[in-house]
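Multiple structures follow.
The following pair of complexes shares a single chain, chain A, combined with chain B in the former and chain C in the latter.
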Partner chain A sequence: MGGLGTPSGPVLACGEVRTRLLPTSDAVDERTAERLLRLRTDERVRLSRHPNRYAVSPGLLTGVDCRPPSVNGASSRVVGTVTARAVLVEGRVLQSSAHFSAPASGPDRRRPWGHYLGRPGCLIPVGRLPARSVAEGFLAGPGPHELDVGSIAESLMARVCRHRILDFDLPLTTVNTSLRWTAVPAVEGEATSVLFTKADDGLRTVALRLPHGTAPAAVAGLCEDLALHDWLLTTVAYALDGLPAGHEDSGLPKVLRSLVDHLLHLWMPRGHVDRTLHAVWEELDEHTGYSRQWNVMGQRIRDQLVLRAVRSRHQPSAWD
Partner chain B sequence: MNGSESVFRETSFMETSGEPRTEALPFSHLSLELGHVYMDDLVEDPTRLRRHFAAVRPWADAARAGLGTPNSGGRPRVSTCFLIDDYFSRRSTPAELIPPLLEAAAEAGLTIDYLARESACAGPVPGGSRPLADGSSRRGRAEPADWVLRRLVESPPPGTTGFRPPASCTGWLANGRRSPSLRVSPALNSAGTVWQPPGETDARVHSVFLDVELWSGQEEKRSWSCAFLSAVWQLVRLGLLRDDGHAVLAPAPWEDEGFPAAWDALAPVLRLNPRAAPFTAYVTCSVLPARFLPVEHAVRVILDQVHVESEVLGQVAMRCAAEGFGVPSEVVDRISYVFPPGL
Partner chain C sequence: MLVLAASDKGGTGRSVTAANLAYQRSLDGDDVCFLDFDFGSPTASAVFDLPDAVVGADGRGLHSYLQGRTSEPLRIDVWARTEHPALRDRPSGSGRLVLLPGDRTGGEFPFAEADRHRFVDLVLRLRHEFDLLFVDLSAGRSYAADLVLAATSPHGGLGRQGNRWLVFHRWTRQHVMAAAELAYGNAGLVRAGAAMGHRPEVLSGSIRFVRAAAPDLESPPWSQVSPAQYVWLRQCEQVLEELAAARGICKARVLASIPLEPVLQWQERLITDEDVHDHGIAHHETLRAMRDLAQRLTDDEFWGPW
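Moving on to the complex of A and B:
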C-alpha cells in the first residue's frame, strides 16, 4: 500500500507508543540489546550506532477483526493486522510501538485471511471507513469491544520486560508514558499540522496532518522519536522536581548522578526520523520549546554538579 | 525514492545490520510433486511404488498440459519432486529405498528431478547456520519448521480487538472460533450453561471447523505434525521461505551412482537430474493419495495464516509479471492437488 492519501493508499494511520526505562540497573550493550529484541528467529534485530545506539526488533503482526473506536458511535468494522515493534535506545530506554493504516473503503464482506496477511499493518474496513470519527475516537481511547492498539503495544512491552537478563533494579524513579497518534493526509492547499496534547497521567496524544504520500511507517518512526524525547523531558523534570538546594553540608544526590549516567546523553531529536518529517519535529519544538527546556535542565544539572564539587573540596566525605 | 534518500538511509543504518536483504531464487512455473509415501508403506509392499507411479503418470501429464504455453513462448518450466518421509519412520536406508524408487518412476516414464527428506523441513539442517563476521555462529541449528511457526499470524475471529489475543491453544491452529470450554461437568453445571458450537471464520452459512495440531511433546523434543511439515514443504517449493533473507533448503546436486546407508548423510534436497528446471516454482501441484486429503486441508488452514515477508512476495510477483505468468496473490491459492483414483 502506498503513502497517506495516495490513490491506493491509506486515508488514516494510527498508533500508540509506550516508553519506559529498561527495567535493569545499567544500560545494556549491543549484544544484549539484540538478545532482548530478538522476537523471531528468522529475522534479525536491526542495529544502528549513529547518531546514537539504536536497536529495532523485527515487526510482529497481530490479527484483529472488530469495531474501530469512534466518537459518534458510527458502526463500522475493520479486519487486518496491527504491526508492532520494540525499540531500545542507547541500551537504556525501551519503547514498544504499534500502528496500523487504513484505506477509505474495502470489500463488503471479510475476505480470506491470506488477503490481509499480504497487507501487513493494514486494517481494511468492511464497507466504508468513517475516517474522521475513527481518528478522533482513536485519540480518545478505545471503548468496550473496540480496537485496542495500546494493549498490543503493552503486551509487546511486557514480553520484552519478561526477559530473565533484566534485574528490575532501576537506578531512577521514572514514569511510563503512552503516546497515541493519528495521521491524515493534508488536502490540497492545506498546511501540514501537528497538535500535541499532554495529560497528567502519562498519556500524550498527537494529531498529525501530513503531506500526501507520507509512509505510515515513517510516521510511526516520528512518533517514537517524539515519545522518546517527551519521556526524557518528563523523567528529568520529575527527577529535578523538589531537588534540595545544595547546602553546605549536602552531598551529591544520587538522582543527579543517575541522570548524568543514564539519561543526559540520550537527547538526539530526529536521530532516526525519516528526513521528510524533520520539519514536523521542528515545528513542534518551536511551539513547545522542548529543546530549550532540555538545554536549561541539562545546564542546571551540570551547574549543580559543579557547585557541589566546589563545596565538596571543603568536605571530601560528601563524595563518598 | 531518489538517490540522495537512498544514500541517507545507507549511512543512517549501521554496517552489521543495515536493512534486511532478500536473496533471489530461480523459479520454475510449476513444482510437480509425484508423491509422498510413508516409509512403512514402501517397506511393507515393494510393488506399491510401481502401481503408484503408473497411477500418477496421466495426472502428472495433465498438470503439465494445464499450464499451457507461457507468454514468453517455449515450454513451461516444470520440475518434479518427491518427498520421502524420514521423519516419522526410518525403517529403510537411502541405499535400499532410493534406487527402486527412481526405477519405478522411470518405468512409468517419470523423472524425479528433486528428492527431499521430510526431516529437512523440521531441521536441524546441516549447514543451516552461517558464521557471522565476528567468527561466531548465529545459531547452532536451522529449523525451517520453527521459522514458519514464528511467522504464523492467527486469523482473528470476529470480535478480536487486540485487548487480549484470541483464545489460542498452544501447539494448535484453528480456522475459526473454538467451542468455549465448560469448566464443570454437566452434573455440576447449576448455571445451566449450554454447549456452544465452534465456528469457522470464513464459513458460508455453515461451518467446517478445523483445529490442526502443529506439534506435540515438550519444546526441546518437539515432534512436528505431518500437516505442519507439509505446510513448510509447500512454502519451500514456492520459494517463499527465507532465513534472515537467505534462501533455505537449496538443492544440492547428487551425481553419485549409489546412495549412503544413513539418511542424515544426504542433503535435505537433492537434485538428481542435472538438467532439471529450478526446484522452486510460482505454483505447485501435488499428486497424492486421497487419504492425504485431511492433511492437505490442514496445510491450507496453516498456509492461510503464515505471514510471508513482503519483499519475498514482491520478488516473486515481479518475476511473474516479467514473464507474463499470472500467479494468485494469496499464497494458499498457489498450491493445488490431484487425488487420483486408485492411488
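Moving on to the complex of A and C:
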C-alpha cells in the first residue's frame, strides 16, 4: 500500500505510543536490549548506535474485526491487523507503539483472512470508512466494544516488562504517558500542521496533516519521537516541581542525581525520524518551546549541582 | 513497595487506617496509589471523601479491570477531586495520591489465571509511577487475598517486589485469635502462601500486625478511671498480651497500636493536622501513631525474618 492520500493508499493513520522508564536500576547494554526486544524468532531486533543507541523490536500483528471508534456513533466495521513494536532508547526508556492505517473504502462484504493478512498494519473497512469521525473518535478514546489500540500497545509493554531480567528497582518515580495520534493527508496546497494537546493522567493527543505520500510507518516513528521527548520533559519537570532550593545544610537530593544519571543525555529530537517529517517537529518546537524548556531545566540542574558542590567545599568538615 | 492490608474480620479499621497511611506518606512527598480491593464493601472512596468520583467507577473499577472488561481501571486523583476541606489545597512538596476504586456493584468473585496476570501487569505498571502501592483487601481469606498471594509468590510475577502484609485487628480476645488464625492458622496466609510456592519463613517475616482501636491505659480517659476499673483493665491487658504471644503475635511482630479514636468511631475519615491542632476534634496520639506507622512501613528495622 502507498503513502497517505495516494490513489491506492490510506486516507487515515492512527496510533498510540506508551512511554516508560525501563524498570531496572540501571540502563541495560545492547545485548540485553536485544534479548528484551526479541519478540519473534523469525525476525531480528534492529539496533542503531547513532545518533544514540536505539533498539527496535520486530513488528507484531494483532488481528481485529470490530467497530472503529467514532464521535457520532456511526456504525462501521473494520477488519485487518494492527501492527505494534517496542523501542528501547539508550537502554533506558521503553516505548511500545501500535498503529494502523485505513483506506477510504473496502469491499462491501467481509473477505477471508488471507485478504487482510496480505496488508499488514492495515484495517480495511467493510464498505465506506467515516474517516473524519473515526479520527476524532480515536483521539477521544475508545468506547465500549470499539477498537482499543492503546490496549494493544499496553499488552506489548506488559509483555516486555514481565521479562525476568528486569529488577523493578526504579531510580525515580515517573509519569507513564500515552500519546494518541492521527494523521490525514493535507489538502492540496495546504501546509502540514500539527495539533498537540495534553490531558490529565499523562494522556497526549496529536492530530497531524501531512504531505501526500507520507508512509504510515514514518508517521509512527515521528510520534514515537514526540512521545519520548514529551515524556522526558514531563518527567524532569515533575521531578523538579517543588524541589526545595538548596539550603546550607542540605545534601544533594537523590532526584537530581537520578536525573543526571539516567535522563539528561537522552534529548535527541528527530534522532530516528524520517527526514521528510523533520519540519513537523520544528513547527511543534517553535510553538511549544520544548527545546528551550529542556535546555533551561538541564542548566538549572547543573547549576544546582555546582552550587551544592561549592557549598560543600566551604563548609567546615567534621574534623576541624 | 506493595503494602497489603488484610484483616480477619470487618470493623477492624483496616480501610480507614490504610487510607490514613497512604495520606501520610503522600504528605511526606511519596507518590502513593491506593487500590480498593475490598470487593465486598468498597469504602476507600468514602474515607478520601470522593462521593462524586466513584459514581463513574461502575464498569471501570478494579473488578471490571481484573475480569478483563476494561483495559484501563479508573484512576482518581485524590488531591484534585476530594471534597475534604483540609485536603483541597495540596501542600507543596507532597506526592501524588491516587485511588483506584472498586466497582460499586459486584462483590467477591473467584479469580482465574488471567485475572492474576492482569493484576501483575497493573502493579508493574503502577510501580513506575508510585513509591508505595496500598492494596486494601476484603476481610478474611478472601478471593482477593488469594489472588494477591498467588501474584506475589516467587513465580507469580511480583515475587521480587518487596511486599509487606499488615494484618489489622482490634484489641479483644476474639479479634486477636482471629488475626493469628488469618496469619498462621491452617487456612491462613502463610500456609496458603506456602502451597502457592512462597517460602513460609519469608512470607511470615513480611507479615506484621496492627492493633486498631487499642485503648492506651496510660493516657486519658483510661488512666482516669476508678482504681478497681484500672486494675481490671490492666489484668485484661496482661491476659491479652499473653494470648497474643501464645498465638504467634509477639511484640516484635506488632508494628503499631492505633489508639481508640472517637472521631474514627463516628466517621471513617482521614485524620489531618487541622483535626488535631485547629479543631481539636482528634487526638494528637492518633495522628502520631498513624505517622509512626506510615514511616515503619519502609523501615527495615521493623521487618525481618522472625
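Operating definition for what follows: the second predicted complex is superposed on the first by the 314 of 320 C-alpha atoms of A that agree within 3 Å, B and C clash if a C-alpha of one lies under 4 Å from a C-alpha of the other, contacts with A are read in each partner's own complex, and residues count from 1 in each chain.
Throughout what follows, a contact is a pair of C-beta atoms (placed from the backbone, for glycine too) under 8 Å apart; a residue touches a chain by one contact, two chains touch by 3 or more.
Please read all numbers here as calculations on a predicted model, not as lab measurements.
**Student:** Should the pairing of chain B and chain C on chain A count as a clash or a fit in the superposition?
**Tutor:** In the arrangement built by aligning on chain A, the partners chain C and chain B fit side by side.
**Student:** Figure out whether A:21 sits in contact with chain B (first) or chain C (second), or with both, or with neither.
**Tutor:** Only chain C; A:21 stays clear of chain B.
**Student:** Using the touch definition from the top, say if A:313 reaches chain B (first), chain C (second), both or neither.
**Tutor:** neither
**Student:** Taking the superposition as given, does A:82 touch the first partner, chain B, the second, chain C, both, or neither?
**Tutor:** first
**Student:** In the combined three-chain arrangement, what's the angle at chain A toward chain B and chain C (CA centres, steps of 10°)?
**Tutor:** So the angle at the centre of chain A is 100 degrees.
**Student:** When both complexes are superposed, which of chain B and chain C contacts more residues belonging to chain A?
**Tutor:** Looking at chain A, the partner in contact with more of its residues is B.
**Student:** Touching A:175, do we find chain B (first), chain C (second), both, or neither?
**Tutor:** A:175: touches chain C, not chain B.
**Student:** Just checking: does A:42 make contact with chain B only, chain C only, both, or neither of them? Give me first, second, both or neither.
**Tutor:** first
**Student:** Examine A:151 and indicate which partner it touches, taking first as chain B and second as chain C; both and neither are also allowed.
**Tutor:** The answer is both, since A:151 touches chain B and chain C.
**Student:** Looking at A:113, would you say it contacts chain B, chain C, both, or neither? Reply first, second, both or neither.
**Tutor:** First partner only.
**Student:** Give me, in Å and rounded to a whole number, the least C-alpha distance separating chain B from chain C in the superposition.
**Tutor:** In the combined three-chain model, chain B comes within 6 Å of chain C at the C-alpha level.
**Student:** If you lay the two complexes on top of each other, which residues of chain A touch chain B in one and chain C in the other?
**Tutor:** Residues 148, 151, 155, which sit in both footprints.
**Student:** Hey, which residues of chain B end up touching chain A in the complex?
**Tutor:** Contacts found on chain B: 5, 8, 11-14, 16-20, 139, 143, 146-147, 150-151, 153-166, 201-202, 242-244, 303-308, 310, 313, 329-333.
**Student:** What does chain C use to touch chain A in their complex?
**Tutor:** Touch residues, chain C against chain A: 31, 59, 71-72, 75, 77, 92-93, 120-121, 124-125, 127-131, 157, 160-161.
**Student:** Under the touch definition given earlier, write down the residues of chain A that touch chain B in their complex.
**Tutor:** Residues in contact with chain B: 40-50, 61-66, 77, 79, 81-82, 110, 112-115, 117-118, 120, 142, 145-149, 151-152, 155, 272, 275.
**Student:** List the residues on chain A that touch chain C in their complex, please.
**Tutor:** 20-21, 23, 144, 148, 150-151, 154-155, 157-158, 161-162, 167-168, 170, 173-176, 200-201, 242, 244
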